Amino acid sequence: MGTLHTVNKSPFQNQTLLSCLGHTHEGDAVLMIEDGVYGAVTGTAISEALSKMGSDVSLYVLGADLAARGIDAGRMAEGVISVDYEGFVDLSATHDRVQNWL
Amino acid sequence: MKFGIVVSEGPYQHQASDSAYNFVKAALAKGHEVSRVFFYHDGVNVGTRLSIPPQDDRQIQEQWTALGKEHDLDLVICIAAAQRRGLLDENEAKRQGKDADNIAEGFRISGLGQLIEMGIQADRTITFGD
Amino acid sequence: MSETIKKFLYVNRKAPYGTIYAQESLEVVLIGAAFDQDVSLAFLDDGVFQLTKGQDTKEIGLKNFSATYRALGDYEVTKLYVEKESLEERGLTLDDLQNIEYEDEDDDYAEKSSIRLISRAEMAEVMADQDVVLSF
Amino acid sequence: MSETIKKFLYVNRKAPYGTIYAQESLEVVLIGAAFDQDVSLAFLDDGVFQLTKGQDTKEIGLKNFSATYRALGDYEVTKLYVEKESLEERGLTLDDLQNIEYEDEDDDYAEKSSIRLISRAEMAEVMADQDVVLSF
Amino acid sequence: MGTLHTVNKSPFQNQTLLSCLGHTHEGDAVLMIEDGVYGAVTGTAISEALSKMGSDVSLYVLGADLAARGIDAGRMAEGVISVDYEGFVDLSATHDRVQNWL
Amino acid sequence: MKFGIVVSEGPYQHQASDSAYNFVKAALAKGHEVSRVFFYHDGVNVGTRLSIPPQDDRQIQEQWTALGKEHDLDLVICIAAAQRRGLLDENEAKRQGKDADNIAEGFRISGLGQLIEMGIQADRTITFGD
């Protein structure tokens, strides 16, 4: 079932999330972790561009990393699903491979 | 399912080793197997027994050692990366003429082949790094 | 400890927790406060994320050091410059940041905000007005 | 050493020398070659800078490891996928990269280029066709 | 004599050079070192934007880091001056302060 | 002119400590003074005597130790950062009940105050990091 991609960099500082979204397939999932969770927020300078690029993939965010950074769940972009570490494990298991964008 | 884990950054400087630890704990809690954790690049520094973090902070090395003991994890430190960075076990120290070693209980030093072998044997290989 | 008084600026451009720079920068600021220098902190780019309120690190297992920013006033560190454009690009307003206050001893110990919201151009002026710039 | 044959992809997205990832990635590739797996290397984003010719590290004091890429053919590592868009964004063409060749034993040991210039879309296909993806 | 700024990140991966150039004054100098030297190259996806932003500052690049990365001096943008480590020291001494963009 | 230098990243993983070394050598060659080199964050790992890099690579710790000896440099490792990461001298090891230490000759461990003091005393403070 496609690839699980993880991204751990802030999209405001680093182009990794953009590069990841430029290499996904329909049916892939992208999980934002660590400083990558800032990519899940709506109403930012880059959120519109991101939402267009990620339209055919499922977007996930690690809730533990969101909470650590004080991001209210209400600020998350539509369609982004928050998971815990067990959800991260499930996503890794249900996809055919994991590609970590470092 | 069998997971293989790579940790590529050192403790405290980056969150990578913490994320890896939380992932491994969750995977084990769900009944998965973690066939090996391979520490590469600065990740080798996770395995030093000489760290003394502030008392109100987590002790990253002790967390791994304890988890490893509880679940019989294979915690492997890459020898090439470790030599560059000054992480040694007793044998290496003797062989290289160094007067001290610093590896923690529960970790072992081995070659990069262990990383490839892990990739072959595990169902999923996941890297935590920078 | 020294008779020279220099203007020190601590520049914070990185998000907290993903890397340790924010936390260890704060440790320098706290120690540095004992040296009676003229201290300012700059928060720009992802550094503005350091000041968000409601940080809860329980689930990731890292130490939550965000309360320390609120203690800076007790160390007479009262100039926290926050860049407006950096906030806006990240969808943030001052309401998303912690209240960080100090007691102004020159004004009957009135509680005042340590956060000074400034434009990018003003941030450039702050930076150009320093003797020592330490970046984290 | 193992009967399973898996498709391994080594993903290189970082420039050389500023950080060690490029160099230590190569060390994994060389060791991994002994395991008789189906190995590919991907160079995209700043990873394409790893392959430039004329690298000279004398003045910075770091070890120049760029010749190692040319030795990959001897280890039967012959698939180096380089992303066209990444090159173009950086003002580079194939002429700026080293010649990296291998001897094709199925074609009378003819010397062939190991570098396969592909589009971003094709790179996504290569990535999706792997069993193990190692990122550096 | 103004500030010497150093930048050590690739501008293709990281927004640090852009942020630096957004905070300079006329008369400042920007020295690109380590992976930052890629910012000194002309004919790239970002070189035009960079040349506009940096029009009132002096741009320098550490030649040792250029050579390490195999960048031909002929590919450098117009007006960028290559210096060695002693030139780096001179720039640090002749400016009033050094700000390192990390 | 008096330079103060901060090194914020560990050896080999980042170029920062190499750039700092080349800068310091050039400054000294031009007759400047380097009042102190302060190793912070992962930079503290530069000061381990246990590293064994490949023979055809530079030995970063030995380079610093030699340069320090030649020019009587004050090479200071931050104690707080060092404790987190497992870099200890003999005194600290004893005090903390650790059975080994790993600091190299020519380096000393001290507090963050040394960084501030360096900023006050130096004409220019320059940071090499990531």
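Each chain carries a letter (A, B, C, D, E and F) given by its place in the written order, and its residues are counted from 1.
What we mean here is this: a residue touches a chain if its C-beta (ideal position, glycine included) is under 8 Å from a C-beta of that chain, and two chains touch if they have at least 3 such contacts.
These figures come from a predicted structure and were not determined experimentally.
The chains that touch chain A as well as chain B are C, D.
Shared contact partners of chain B and chain C, listed by label: A, F.
If you tally contacting C-beta pairs for each pair of chains, B-F comes out on top.
As for how the two copies chain A and chain E face one another, over half of their interface residue numbers coincide. Ranked by distance of CA centroids from chain A, the top chain is F. When you average the Cα atoms of each chain and compare centres, the chain farthest from chain E turns out to be B. Averaged C-alpha coordinates give centres for chain B and chain E that are 38 Å from one another.
The distance from the centre of chain B to the centre of chain F, each centre being the mean of the chain's C-alpha atoms, comes to 26 Å.
Per-chain CA centroids place chain C at a distance of 43 Å from chain D.
Centroids of chain A and chain E (each the mean of its C-alpha atoms) stand 33 Å apart. Multi-chain contact residues of chain D, defined as those touching 2 or more other chains: 13, 17-21, 45, 59-60, 62, 132-133, 135-136. Those residues of chain F in touch with two or more other chains are numbered 8, 12-13, 15, 19, 22, 41, 54, 57, 80, 125, 127, 129-130.
Contact with two or more other chains is made by residues 8, 12-13, 15-16, 34-35, 64, 84-85, 97-98, 100, 102 of chain E.
Chains touching one another form the pairs A-B, A-C, A-D, A-E, B-C, B-D, B-F, C-E, C-F, D-E, D-F, E-F.
Those residues of chain C that touch chain A in the shared complex are 14-19, 45-46, 49, 52-60, 62, 64, 66, 88-91, 96. Taken in their complex, chain A has these residues touching chain D: 2-3, 15-16, 19, 22-25, 28, 97-102. By the touch rule above, chain F contacts chain D in their complex via residues 12-15, 18-19, 21-22, 54, 56-58, 130.
Chain contact summary for the complex, chain B toward chain A: residues 1, 3, 8, 15-16, 19, 22-23, 25-27, 29-30, 32, 123-130.
The touching residues of chain C, counted against chain E in their complex, run 11, 13, 21, 44-45, 120, 123-124, 127-128, 130-133, 135-136.
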